[in-house]
Amino acid sequence: MSATARKAGFGAALWDYLTTVDHKKIGILYLVAGIFFFILGGLEAMLIRIQLISPNNEFISAQFYNEVLTMHGTTMIFLAAMPLIFALMNAVVPLQIGARDVAFPFVNSLGFWLFFFGGVMLNVSWFVTGAPDAGWTAYAPLSIFSEGHGVDFYAIGLQISGFGTLMGGINFIVTVVNMRAPGMTYMRMPLFTWTAFIASVLILFAFPALTVGLFMLTFDRLFGANFFDPAMGGNAIIWEHLFWIFGHPEVYILILPAFGVFSEVIPTFAKKRLFGYSSMVFATVLIAFLGFMVWAHHMFTVGLGPIANSIFAVATMAIAVPTGIKIFNWLFTLWGGSIRLTSPMVFALGFIPTFTIGGMTGVMLASAAADFQYHDSYFVVAHFHYVIVGGVVLGLFAGIIYWWPKMFGTMLNEKLNHWFFWLFFIGFHLTFFIQHFLGLMGMPRRYWKFLPDQGLDLFNLISTIGAFFMAVGTIVFLYNVIITQVKGVKVSGDPWDARTLEWAIPSPPPFYNFKQEPLVRGLDPLWIEKTEGNGKIQPATPLGDIHMPNNSFVPFMMSLGLFIAGFGVMFQGTYWVLAVIGFGITAGSMLYRSFKDDLGYHVHKEDLEDEKGDGSNG
Amino acid sequence: MMKGWMSKFKAIFALVVLALVLSGCTGKPFLSALQPKGEGAEMIYDLMILSIIIMLVVFVVVMVIYTFVIVKYRQKKDDPDFMPKQTEGNHALETLWTVIPIILLLILAVPTVQYTFALADTSPELNEEGEEQDSLWVNITGAQYWWHFEYQDMEVSTSQELYIPVDRRVYLSMGSQDVIHSFWVPSIDGKMDVNPTGNTNEMTLLAKEEGVYWGKCAELCGPSHSIMDFKVIAVSPGEFEQWIKDMQGVTGEETPESATAQEGQQLFQDNCMTCHAIGSSPNKIGPNLTNFGDRIKLGGYLDYNKENLVEWIQTKGLGEDGNMKPGNQMTSAPYELSDEEAAKIAEYLMTLSPSGITPENAKDGVYKDSDLKSLFPKEEEETEGQGESQEDNKDEESSQGSDESSDGSNEGSSEENNDE
Amino acid sequence: MADDMLKSDNLPQNPERASLEGRNKFMGFWFFLGGETVLFASLFGTYLALRNSPAEGPTASEIFGLELVFIMTIVLLTSSLTSVYAMYHMKNGDFKKMQLWLGITVALGFTFLGFEIYEFYHYVHGYHFGYTTSAFSSAFYTLVGFHGGHVAFGLAWIISLMIRNAKRGINLYNAPKFYIASLYWHFIDVVWVFIFTVVYLMGKVG
């Protein structure tokens, strides 16, 4: 009965989380780590905005500024947005498809610990020789020439956390394909599950390109390889291709699950089924597919020639079509509904105009010729913040607030959530809308300082003021989390009057999720039972023993091994011993795992009958 | 080619643009992509306006529906149990919002492709008989954190400030000595990456008005990325010819007027010539200083005065607080100079003004008074001190120069007529 | 039920896919190979971009000899075939024969690896073609080395499976493990066919 961790005490709880293979607990781990890194990345953003509050400002040095901007981007994408996406996927996807667990609980845990140690490694760089300073894109040869070990930390840290993400991705693909409850056909899957599934496919095919790129960067820097060194026949543009072959799908890896969140939140609070469900699914798949063939729109100014530029420009514009379909489907889900302005819904409603602007500037950027002006200017900065903050971050917060009761059994304070939204939303537009103009007025991105008398002073000041609004908003949210958890008022299994399967079980769910496998009779199964049945999901199978996986400390040790080995590879010399130790720990853990049979255990029928709750809503 | 239908939009947008200008949203004329002064920037500006119009149409449609549904379909207080109809979808509507965006995108895609090809075209210009004309090619080298310009087949090299003739296409061939940079003069044209060996890029630059235009590095290239500024100085074709002629004559051995400057010259030759060249030498380890005396800014962005220059020399470009140009590569220079010697070198460098054609000649360009002050802060100084020493050798040239510049302004005004 | 997983009698026709865990492993591994494909595609792309950039070092046609590589190809292809035999016997529940054929597979794998090490040694000492010689050399050693690393990992994997299960037969618990190890081995083989074509044949001919 290790999974339930009946033992009391902090030590026991800690050990439970270090060894857990329960997707719900892993979801919480992702959430905590993701929010931590989100705050860290936010502080870095504040440093950037304070530096740019006035012309010729010398608040921080040029070198430190480059480190801050690099770490801001890297942290926000890889260490905040990705894990928060995984937090929601872990917390929700198995429940939405009526599964008792994910396909690979062990791999799931390994994925988290690899991500976590990779993230820690990246941030250790602050204290050892300085953080990476070549931008989150780490374009060669700047990243090759960069002194110190900052970029090594970038390459090895991301490599480790990238492995974790890849494993998480495979886990969710197989979970969705193999673990669906009886009756949960593909076209009955909730949109969030669909988008998580497609995002996982994107992870699977996009991350290996980054893996290869990072290996080359590491080999160039640490082992004298010549991939990107022009003097030895290398070519710096290869890095750009590999990075963006990964990097562009990455954008969709982030935004698609956010779309999924909105596709859950909007129908719930409009009390209406999702308009055009099948075209939403189709649009998701199409966006993912097109997302793989547009990477070079990040490289219009590289000099690929007009033919390549035109092809990539038109392909990029094509993505606007399925995205537009989604926007209109959401609008028409609202049409004729009965809209409740709860806080997740307010985030969703804030998202629609914001993301529309982000999408529009996206199309403008897709126009290759015009991109010669936009590229690498603050226009681009504004664009991708509209997409990533206005799309992904609003989506993540909508999702976190929406599923908070399911994850923790408590309800965040609605009033504070509204305060959070308005501060964050107004601050966001103040910060970033104006940056479109800064870019067109001639301010390139990644500028440590801008000069006086160039007409850039006022807008930069406004932008910085907006950033403070966002910071205050985030503080309100954190305060809300703390007081909610301290009060600890429990809520029912279905506090939002929602539609999908996860709301049919108690909050938080028992560790085996569903006592009996649920029978799914259509899209929005809980809603169907509410309107056509007795409000309870019918079981598909009789009550029986439930097979559960054992907890394991191996994932933690495997990841720790790679973390230690990373330092050895980086510092070399006598530090090679660290690499030997680290790889030894990882290999030993793998052998241990493969030599010790892990058959899991069974929760017995008799025990289940004693447990409270009947596995359905109530 | 696209001008015909473009001009229709232009009238409508003149008002919008005017509103923007009034609200200060278009930036400074020497830096802003929203005040195009060159061929490329104008084309891109047209494309920008077209895409903004299309996008605004979409945005307005979305916002109208959005506002309507939020106002109309809020949960009714008196009927909270109202059960909306559970619509699955609507094929007609869904087809509509698939087809219309496709059409809108095609409207944008066609000129996008046309302009993409037009902007990438570096074939020689044809004259009226359809014969190929000689093209003016400039090799541009980016380096941490400065720019080098070498006029092909003309034996003229300079750094930091690129002189070009107005209304003539200048062909640029660009490469980097170290990391990737990006060459961007927003008010004349879009940007192009400046790659290390093996990936040379070409583009053209055509300024339609005289003026001093601000250039920026647009690809992160190290700590001083944000201050790797340069200028493009567009003068009349006649002035440009004169400038080239004057620059070709420089050997670096010319003796300056004052005795201090002469001492400075000697010190310069002993200490600085390994990296810096005066004249058309191919040496580009450090910036070429042939017409250093005419620079508008020091190090691309600092006020041009002797005090700054001495500090620059003594701190090897880093500045006393390390913030003049962080990461500057001049630090490897081996020289040891006293403050006095550095001052002499500075004195010498500030006399390097081989041509009567200086940024001043571009002043009849596009500026408001307030802009001019920020561009030419050294104006007062020059009239006081250093200007005198140059007066003599400039006399004959400047008379030629002013002739040419009157030509230039004529051309400028005829261009304006064309525009209207 | 858990104990059934370790029983070796009365195995179904496809023991590797008889349990949910087995089906998950089976499918997950196929997807993993999809990711591996992208990984090698990226390496191939890089190699193609850099194969004509030997800087001061030797070029492809100067150093490659097809004889040894041809033998290596035969060895690896054969090992793929022997692993098919092993899986055939696994499905028939004949544990000893499976172990035997896996043993032959491993032996062929080691032969291949030995040849590859010899080949690299030959390039480094015979032609001064080291990892840091040129962009071409870095790309070559990285691509072929990644493949070699996969071979080494595959060998370690199969050997540890053989040792772990030496004293017990095939069961529902270990059948999927054997099966995906053999899938992995086939994948390595397929990658080698591409390396043989793209690196060696194209290097020698074009």
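Residue numbering begins at 1 within each chain, and the chains themselves are lettered A, B and C in the order written.
By our rule, a contact is a pair of C-beta atoms (placed from the backbone, for glycine too) under 8 Å apart; a residue touches a chain by one contact, two chains touch by 3 or more.
These numbers were taken from a predicted model, which means no experiment stands behind them.
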item: Graph class of chain-chain contacts, one of line, ring, star, complete, other; value: line
item: Per Cα centroids, the chain farthest from subunit C; value: B
item: Inter-chain centre distance, subunit A versus subunit B - centres from mean C-alpha coordinates, in Å; value: 39
item: Mean-CA-position distance for subunit C and subunit A (Å); value: 33
item: Distance between the centres, which are taken as Cα means, of subunit C and subunit B, whole angstrom; value: 55
item: Shared-contact residues (touching 2 or more other chains) in subunit A; value: 231, 235
item: Of all residues in subunit B, the ones touching two or more other chains; value: none
item: Multi-chain contact sites of subunit C, meaning residues that touch two or more partners; value: none
item: Residue numbers on subunit B that touch subunit A, as the complex places them; value: 24-28, 31-34, 40-41, 43-44, 47-48, 51-52, 54-55, 58-59, 62-63, 65-66, 69-70, 73-76, 80, 82-90, 93-94, 97-98, 101-102, 105, 108-109, 112-113, 115-120, 178-180, 182, 184, 186-187, 189-193, 195-201, 214, 216-227, 229, 301, 321-323, 326-327, 370-371, 373-374
item: Contacting residues of subunit A [partner subunit C, same complex]; value: 103-104, 107, 166, 170-171, 173-174, 177-179, 204-209, 211-213, 215-216, 219-220, 223-227, 229, 231-235, 238, 241-242, 245, 545, 547, 591, 594-595, 597, 599-602
item: Partner subunit A, residues of subunit C touching it in the complex; value: 1-2, 5-6, 20, 23-24, 27-28, 31-32, 34-36, 38-39, 42-43, 45-46, 49-50, 53-55, 131-132, 134-139, 142, 160-161, 164, 173, 177
item: In the complex with subunit B, residue positions of subunit A that touch it; value: 58, 61-63, 65-66, 133-135, 139, 141-142, 145, 230-231, 235-237, 270-273, 275-279, 301-303, 305-306, 309-310, 313-314, 317-318, 320-321, 324-325, 327-329, 331-332, 334-341, 349, 352-353, 356-357, 360-361, 363-364, 366-373, 375-377, 437, 440-442, 444-456, 458
